[in-house]
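Shared between the two complexes below is subunit A, which has subunit B as its partner in the first and subunit C in the second.
Moving on to the complex of A and B:
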């Protein structure tokens, strides 16, 4: 799969925007402006942006919970200020300030998330069946981490998705740590693609730090799904250089993480890797980079202002409106 | 008695050719299972020591689980990062240790990086990749028997192995990389998913040989009509335009018509400059080197590539070796 210069710059711009929002979210949480928590996503954000940037607006997307799905939603075209306001419990948030980290952007195919991870596997099957029946080439993309894959719902969903040849793309962002448990302590194998292959699902392993590799693999998987060839599994090998959630212990398997190893991991920072390649290929200039960074900072500042100036949600009856339909 | 080296690539058999072609996922547990059979065969030949490259999956460790063998196993004391360079460094260490041969588990790409540093140590390549022109589709037990004979009889060089050619890539006068099967020049600008199966992107193909039975862009050479005497020789093909086209399997299940502008035999030690820049070089099926506009890259065919164990010859020697051992044990 080849990408135009415009596509490559779009990927870069979205990655810069996702990174900028990650930094903003971390700061706002530290300042006590979030009503909930935040799970940082820097250094592991290329997979989300690469997955979502070239999806159709009507494709259904279940974002990964890390970085609270900002990379995925920014890629999908969502204006992140409404999701930021949601984190701050504001009435202008995408769930009117009562959903906190759970996004809802119906017009962009982002249809809510479950607090218990892994629900997307089975719900995706339902949307996948609907997408298959509507015959418009719509695709369901479910992003998740290696911890979530341990849920039984994965096996139930994968089984039916293959059996019914549903247009679903499963994108695993495998960072090797499920909350505080290493992959080695959780699975008897390292490449989860083998699990999907066990169901007869085409599966591929890509470098999740290489945004072009992710976009290429997901692009091919989406193409298969649109052609009616059924589900695909894309495993993106990525990294986590922060603790599970901002402020939580930086531990794995009951011990403090080896910070020398974390420093080693940081050498594979996806934004600078991609930027270096774009400059070498003459696709962007240093001036372009400065301009994109400036625009991302302005967007984040405007989103923060929007959130802070929006009223705090104090109407408890709003929950009824979300729970019940007349 | 000399030892045997093992380099198993945990990353082989999982790339995008599972989506765009019909490649199969090669599970690492299966690689461990193959290695288990290798160990058992080596053990039956009385091989005392096997040297193993550690890897991020732990293929060697898994292979040794619950395995009742007498041979001792040593994991190289090296840091592994899950990158190509792990295999290159491991091959260098094994060559310095003077192992009798190195058994590799991987595809063309795996053997390429091993061949960069293995020197004259013969390779016994077991195919666990996608496009497998260089490695052999061989049962692990048989590979272990062949390697066992090489180590037990301390066989070297031409006595037991066939020397394969390699393509050398030069940046001006500096050797920067090698390929064992093919070098493909394309208009890609990123490595991305690495595998190159897009025939519309290809400008040129350089081959170490054009023998039938290949898969990947090297199959284009096999599909061209050349004299039998030229089959074993290197080839340079210009793609696009022209009046000729050939049907070739460029990936598993992926048959494509490739338009041919021209082709010629690639004479050894004659350097050919890459005419297209910027462009990308795929080495043995994987996008590896991006060529900048002003870079002067050239390709040279060198007949003195890696040694590969002659399986048939090794197995015949293995038979004689085992018979001798058997008679000796009868006497005792």
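Moving on to the complex of A and C:
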């Protein structure tokens, strides 16, 4: 797959935006302006942005919970301010302040999300089935983490997806850790992509810190799905350098995380690696970088202002209105 | 005596039981670290063969507990949040409760399912459930809902020693509560309610975090209304006698339950009180429960979960 200069800059811009929003979310949670959780995603954000940036607007995407899916949604073209407002419990939030960590952007193929991990494997089967029936070449992309892949729902969903040749791309963001448990303690092999082979599902393993590699691999899988060739599995090797969620203990397998190892991981910071590459190839200039960063900061500041100036969702009458369809 | 926090009391009970009986073991996602610190430090004491970190595989956790229990072990299956029991509901609600019964009463399952439950932390519809009425709907499963650190410890020890599957639900909003805990060992048998405040005008029945709110209400009403607060402590077995004794004394009842009102424990208890003590009642029983909606996240939570003002209002109304 060949990316144009414009595409490469778009990837870069989206990654900068995702990173800026991650910093904003972390700060807002620390300041008590978020209502419930935030699970930071910096340094592991290239996989989500790379996965989503070149999808069609009508493709269906299940965002990963890490970074609360901001990288995926930003990649998909969603204006993140409504999701930010949702986290602040505002009436202008994408779920009207009822869910706070849930997203719904129908026009962008974000059709809902669950905080109980593992739903993506089976719900995506329904999306895949509907997409196939629609016959317009729509593709479903389900993002998830290594921990989530341990759920039994994976097996039920994968089997049916292959059996019915559904247009689904499963994108694993393997950061080697699930909350407080390392991958070594949770899976006996190195590449979790091996889980696809048992169902006859093609799988590839890519460097999840290399945003272009992710976009390429997912792009190939999407192409295959659009052609009616069935599901593909893409494993992106990524990292987690923060604790599981803001404020939670930075521990793994019963012990403090080895901070030397975390420092080592930080060397694979995807944004600066990509930036360096683009500069070297002459695709962007220092001035472009400054401009993109400035625009991202302005976007984030405007989103924060929008969220904080929106009314808090305290209208009890919506409870009845939202519970059942008329 | 030492002052222990609710989660520390849970931790101590686990630690003592792991030390006492080598057949006891613990498994669950991240139990080596533990989100609410209930199991923290145990892997260092008992090793990874008895404090087992698992993948995110709830059905593997609960199924493993059932299998090992039939072979003489006494597993403690940590499900982190009670909302996640639904991902292993056939084990937790069907298989484990019915196992002994359907195999002719021969094979008991000494399992403790343990999880944090409840709302009041604004974490939304998938991390705030209090699913005890669902559990009570499945005979064969005991349900333990401690409201203080002292009880949390004593009841957990009894749960671990019980030969039946027990769902032990501690409340997330009580984690920071502190209480004096004796140095010496104690056990609180399942099925013994506790009178937390003595009173003569009205009986308030409330468990877990609702008990905490009920006590606050009782203290607030001091001098105005004499409130007796009863904590069932376990919902199965249920100590109806202690509740009825109080009803006979006061003639008026308010039941507070964090679970959804419809088909909830409060409705069930109301029915049982009417069946056994209708003539003792001077007023219709009132209940304060979660309204019949999913629990919203954010600022809407307060419109669904029981609030202190509603408890006060219900007490005042029932004594009118």
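List of remarks:
Note that the second predicted complex is superposed on the first by the 321 of 326 C-alpha atoms of A that agree within 3 Å, B and C clash if a C-alpha of one lies under 4 Å from a C-alpha of the other, contacts with A are read in each partner's own complex, and residues count from 1 in each chain.
Heads up, the rule we're going with is that contacts are C-beta pairs under 8 Å (C-beta built on N, C-alpha and C of every residue); 3 or more make two chains touch, one makes a residue touch a chain.
Owing to the predicted nature of the structure, the values given are computational and were not obtained by experimental measurement.
Upon superposition of the two complexes on subunit A, no clash is found between subunit B and subunit C, which fit side by side.
Looking at the superposed arrangement, the partner reaching more residues of subunit A, out of subunit B and subunit C, is C. In the superposition on chain A, contact is made by A:89 with subunit C only, not with subunit B.
In the superposed model, A:253 lies in contact with subunit C only, and not with subunit B.
Within the superposed three-chain model, A:212 lies in touch with subunit B and out of touch with subunit C [touch as defined at top]. After overlaying the two complexes on the shared chain, residue contacts for A:325 are found with neither subunit B nor subunit C.
On the chain A superposition, the C-alpha centres give an angle at subunit A of 120° between subunit B and subunit C, rounded to a multiple of 10. This overlay, made by fitting chain A, leaves subunit B and subunit C with a least C-alpha separation of 18 Å. Of all residues in subunit B, only 10-11, 14-16, 18-20, 24-25, 27-29, 56-57, 82, 188-194, 198, 201, 278, 290, 292-293 touch subunit A in the complex they form.
Interface residues of subunit A, counted against subunit C in their complex, comprise 35-37, 89, 97-102, 114-118, 147-148, 150-152, 178-181, 185-187, 248-249, 251-255, 312-314, 316, 318-319, 323. For subunit C in complex with subunit A, the touching residues are 29-30, 32-35, 43-44, 48, 51, 53-60, 83-84, 86-87, 121-127, 291, 293-294, 296-300, 303-304.
For subunit A in complex with subunit B, the residues that touch the partner chain are 1-3, 8, 188-191, 193-194, 197, 202-206, 210, 212-213, 215-217, 220-221, 224, 232, 237, 277, 280-283.
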